[in-house]
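Presented below are the structures under discussion, each in the form of structure tokens.
Both of the next two complexes hold chain A, though its partner changes from chain B to chain C.
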Partner chain A sequence: MYPIVLLSVLGIVLLFLGFLKSKNILLPATLLFLALALGSNFIDWNQGPLLYFYGMFSVTNLTLAFNAIVLVSAFMIAAMTRGFQDDEEAQPAEYFAIMTFSLVGAFMMIGYEHLIMLFVGVEILSVAMYILTGSEKRNTLSNEASLKYFLMGSFATGIMIFGIALLYGATGTFTLTGIRGFVSAGPAAQSYIMYGGLLLLLIGMLFKVSAAPFHFWTPDVYDGAPSIFTTFMSTIVKTAGFAAIFRLMAHSFSGIYDFWWVTLAAITVLTLFVGNIVAVYQNSFKRMMAYSSISHAGYLLIALTALTEQTERSILFYSMAYSVATISAFGVLMLIAKEKSLDGRPNESYDAFNGLAKQNPLLAFVLTVSMLSLAGIPLTAGFWGKFFVFSSAADRGLMWMLVVAVLMSAVGIYYYFRVVIASYMKEGNTAKIRVAPFYQIVLVAATVITILFGLAPGFFEQLL
Partner chain B sequence: MLQTPAIPEIIQLIPLKNYLILSTALFVIGIIGVLTRRNAIVIFMSIELMLNAANLLLIAFSSYKSDPAGQVFVFFIMAVAAAEVAVGLAIIVMIYRNTRTTDIGFLNKLKW
Partner chain C sequence: MFTLLLILIPVLTGILTLSFGGRNARLLALLGAVAELAVALVVWMQFDPVGGQQFGFKYDWIKSAGVTLGASIDGISMLLVLLTTFLTPLIVLSTFGHEYRNAPTFYSLILFMEAALVGVFTATDAFLFYLFFEAALIPVYFLSALWGGENRLKVTFKFFIYTIFGSLFMLVAFVYLYFQTPGTHTSEIAAFYNLQLDPAVQGWVFWGLFIAFAIKMPIFPFHTWQPDTYTESPTPATMLLAGIMLKMGVYGLIRLLLPIAPMALEDWGAVAIVLSVIGIVYGSIIAIKQRDMKRLVAYSSFAHVGLMSAGVFSTTLNGLQGALIQMLAHGINVVGMFFIVEIIFSRTRTRNLDQLGGITKNTPQLTVYFMILLLGSVALPLTNAFVGEFLLLAGVYQYNGWLGAVAGLTIILGAVYMLRLFQRSMFGPRTEVAEHFADLSLSERAVLIPLVAMVFWIGIYPSTFLSLTEPTVSQLLRFING
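Let's look at the complex of A and B:
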């Protein structure tokens, strides 16, 4: 609860700091506020399950761990913005304030106990993202991405709300515990209205985490948005969205697992296919990362479909590994796209990476580790993420799904390694790119985290 | 367990089923509007229709259950929808400035 209150207030403070002549204070202030929020997050650590806001919001160690992942990702992304100093038209104070407010929405999605909290959280996060996607006002690609995201996102919201209304009609309550009580009362009380409500609510949520067949906005939006906000979307929105779906399914609807697992399994397999197969055909690294985020949504859905005792931990570990690797990949991409820009626009194709390793061994190494982690090669955090997810599916006996997932991650190796091959083997001349010290620290820290958790995944378990 | 107050006669005149059918019809009209219209503002209006269908349904259920929670939810939806309108219209105005149109046919630069 503390980070919610703190970041709501500090976001307003950031807006006021924007009135100052000097824009240099904004970045340190944002980083300080995020660090404060991270500290305050752990006040409730080991206090057991707590309820706040009249029982509408719950706090457990696992939700705090999800909050911590979101905050650390936001900290790294904020550090990589370099205070938006390169862009003349940027409005740093507003961007940082919106990022801060959107985190509040993410926390609400992670710990909601009442469907109002879920709805408001989803909306805070999404509306903030619509604005940030369209933040390059003169860039028509950014405009197009923002309108697509806005129309598709509010369409999904409408579906979600209708689902919640039907659920309320069937169960007479908005609280997760109340719905759980209704569901466990037995099939006699359940009606088609409840099943319809659950499906619509699920569709709305799957839209937000870009699972196929509700993924079609993702590549366009991720491609058109400024890279820094693409990073924000693909890490924080995904983590919070999966935490929210998991909470709904595990806390309220585990009693009717037999009803929904087939639907979710079909969506999972479709997501894995679409994400991985289409990613192979991309020529732009950024667009490939968008499809890669769809495919990772598929892997996370495997854990959700299996729904064993380990599911929450495996989703937690997987989103941590995925977020860190994605942040470092986009970090390298942003540097190179700017260095190799064509006609004043960042060059985000694979060709931009040709011959990267000669002059910039560190960047090439960071990129390689993050690609290895996303592909799930051993000794990186991504491998253990996949391992935990796959083993929870094996516990459930979903062997056919495991076969599909393993085949698809083999496809993934092809497109992740293309960029590694481009940077080490292909001919090309990239001048030495000067990296700001703070930026370099973030990249190295992300790499260290990936390798550390790859070598000792048990360390993570002990932290909880 | 609290004793739920009796539902007033006047509300019971129209059966709950009729509200369900009406709001589902509105919702479906909204979906069809989103999928078929080409103007960003009309699509946006259809989305609002979907939200209001859900509002109507919540209020109907809320009255028939004599439970205020549903009506409180409607206030939240209305407030959030207003915030969405503000952002959405700003985005549409921004696009109109750059392209002089609100037709979604121009959304074709990003594909595959």
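Let's look at the complex of A and C:
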């Protein structure tokens, strides 16, 4: 609860700091606020399940851990913005404030106990994202992406609220516990309205995490948005979104698993196929990362479809591994894209990476580790993420899904390795790129985390 | 604890080489590899063949999930650890005549590879095995892709994806087996042995593991990555691939596939053995037609490994013992052969048999070493491969007489392609490129003498090594048949 209150207030403070002449204070202030929020997050640590806001919001160690992942990701991303100093058009105060507010939405999605809380959380996060996607106002692609995201997103929101309404109509309650009680009361009380409501709500949520066939907005939006906000979207929105879907399915609807698992299984397989197969045909690294984010949604959905006792931990570990690797990948991309810019536009194609390793061995190494992790190669955190997810599927006996997932990971290796090959083995020259010290710390930290959890995944468990 | 030491020495010396190597990278790497060999020899001295798993360590890795970090050495592991630690210093030494750019990275990758290989051969936990199995791939991929020939990018990429694709099936099998273990689950290989799976399920597990190992070895028809990769890789990487890494596949068959899915062998063992025998004949015939020396040796390696896997799938004592001793012998011979190809290439800048000839006139020493290694490869009595091939063929014959007869073609065909290789390169009229062919240098002899010594040692007194593995193999067979 504390980070919600803290960041709501500090976000407003950031807006006021924007009135100062010097914009240099904004970045340190944001980082400080995020660090404070991270500290306050742990006040409730080990306090057991707590309910706040009149029982609308719950706190457990696992929701706190999700919060921590979101906060750490946000911290790293904020540090990589360098205060938006390179961009004269930028409005740093507003950007940082919006980012801060959006985190509040993410926390609400992670810990909601009441469906209205979920809805408000999703909206706070989404509206913030619509704005940030269109923040590069002189770029038509960015505008297009923003509009597309907004239109499709509002549509999904409509479906979602429709689902919530139906659920309320069927069960007479908005709380997860109340719905759980209704579901476990047995089939006599259940009606088609409840099933319909669940499916509509699920569709709305799956849209937000870009699962196929609700993914069509993803490539354009990820591609069009400024890279720094693409990073934000692909890590924080995804983590919060999956935490939210998990809560819904595990806390309220585990009683009717037999009803929804087929739907979710079909969506999972479709997502894995679309994400991985289409990613192979991309020529832009950034667009590939968009499809890769779809494919990772697929892997996370496997854990949801299986829904075992380990699912929440699997999702937690996977989100962590995925977020860290994505942040470092985009971190390197932003540097290269700027260095190799064509006609003033960042160059985000694979070719931009050619010969990167010669002058910039550190960047090439960071990129390689993040690609290995995303591809799920052992000794990286990504491998254990996949491993835990696959284990939950095996535990549930979904061996066929496991085989599909494994085949798709093999496809994944192909497109992730293209950029590694480009940076180490293709001819090309990239001048030595000067990396700001703070930026470098973020990249190195992300790499260290990836390798550390790759070597000792048990360490993560001990933290919980 | 010796096992931990064996895994850590190459990692640490690898890091040292990478950080402080500079111009002396190769010396540091050689020192690391020799230290590793010394430790391995100490382990060998203290090793008790009937003592089961020894020198092990075991820590919790993911405690709640029962995944352990454990490795130890039994007879089969001992043999392969010896092979790895014996060949690695020679592989490092074999590069002394050649300046590799970015040497610290190059040599540290070789050492990392050694660590991963020792890890594969000693791991007692299935997930750790998988981890090392994959970890071995990454250094050799970079060695090939960074220092390889012209087509290296395409070829190594295919190799990388192909082998990872295969091992992912192994991972699926492991995850499945893990959830079959009783109680809170454990991923120790020994626990997998006692699962008593349903025969139909064993069939699935069999194929999951078989595809992974068949691609690694490779067995027909999963071999298409192999000749190109062997040819395009720099010779040290080829030596690592053919000399040691291929044995990971055979080792996996013996350590995992046979004891975990013994009942599946009745249904599918015949398929596997027929595929292996096809590989023997197919590989040999293609080898006869090759002009490129390196490619020829690559196909010969493909043919030889087919015989090893046929022996393993015969599940006879002869077959398994033959496969083990042949792994040792083949590792020595193939590393020697690739090294000689490299020596010839470095002096003439060609590997094409049409352009070579008459080298023998200036090079009495090279001729002798080449001849000994070659006769070893074609399994002449009193050389190392004879023991292995004899036992292997006896094993396959016990399984099925006809298959044994077809597999026996390997000796005839092997002699054809090997002697053709020798004749076309060393004898005949002296060609232009062989005009100023210098004989062996000191470092080259330092590589070849130990190899040749081992050819004779194994050929004349194989019991040293056979008795090392015999108790473990008998126990394994009792387990499978009982």
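The rule we apply is simple: the second predicted complex is superposed on the first by the 464 of 464 C-alpha atoms of A that agree within 3 Å, B and C clash if a C-alpha of one lies under 4 Å from a C-alpha of the other, contacts with A are read in each partner's own complex, and residues count from 1 in each chain.
Here is the rule we go by: contacts are C-beta pairs under 8 Å (C-beta built on N, C-alpha and C of every residue); 3 or more make two chains touch, one makes a residue touch a chain.
Being a predicted model, the structure only gives us computed values, none of them experimental.
After overlaying the two complexes on the shared chain, residue contacts for A:Arg138 are found with chain B alone; chain C is out of touch.
By the touch criterion stated above, A:Gly55 is placed in contact with neither chain B nor chain C.
In the superposed model, A:Pro28 makes contact with neither chain B nor chain C.
Once the two complexes are laid over each other on the shared chain, residue contacts for A:Ala410 go to chain C alone; chain B is not touched.
By the touch criterion defined above, A:Pro187 lies against neither chain B nor chain C after alignment on the C-alpha atoms of chain A.
In the superposition on chain A, A:Glu461 makes contact with chain C only, not with chain B. With both complexes placed on chain A, chain A has more residues touched by B than by the other of chain B and chain C. Shared-chain residue A:Met425: touches chain C; no touch with chain B. Once the two complexes are laid over each other on the shared chain, residue contacts for A:Pro213 go to neither chain B nor chain C.
In the superposition on chain A, the residues of chain A contacted by chain B and by chain C do not overlap at all. If you check the complex, the residues on chain A that touch chain C are 372, 377-379, 387, 390-391, 394-395, 399, 402-403, 406-407, 409-410, 413-414, 417, 421, 424-426, 456-458, 461.
Per the touch definition, chain A reaches chain B in the complex via residues 115-116, 119-120, 123, 127, 130-131, 134, 137-138, 140-141, 143-148, 150-151, 154-155, 157-159, 161-162, 164-166, 168-169, 172-174, 193, 219-220, 223-224, 278, 281-282. If you check the complex, the residues on chain B that touch chain A are 20, 23, 27, 30, 34, 40, 43-44, 47, 50-51, 53-55, 57-58, 61-62, 65, 67, 69-70, 72-73, 76-77, 80, 83-84, 87-88, 91-92, 94-95, 98-99, 104, 106-107, 109-112. By the touch criterion given at the top, residues 60-65, 67, 127, 130-131, 134-135, 138, 142, 145-146, 152-153, 157, 160-161, 164-165, 168-169, 171-172, 175-176, 178-179 of chain C touch chain A in their complex.
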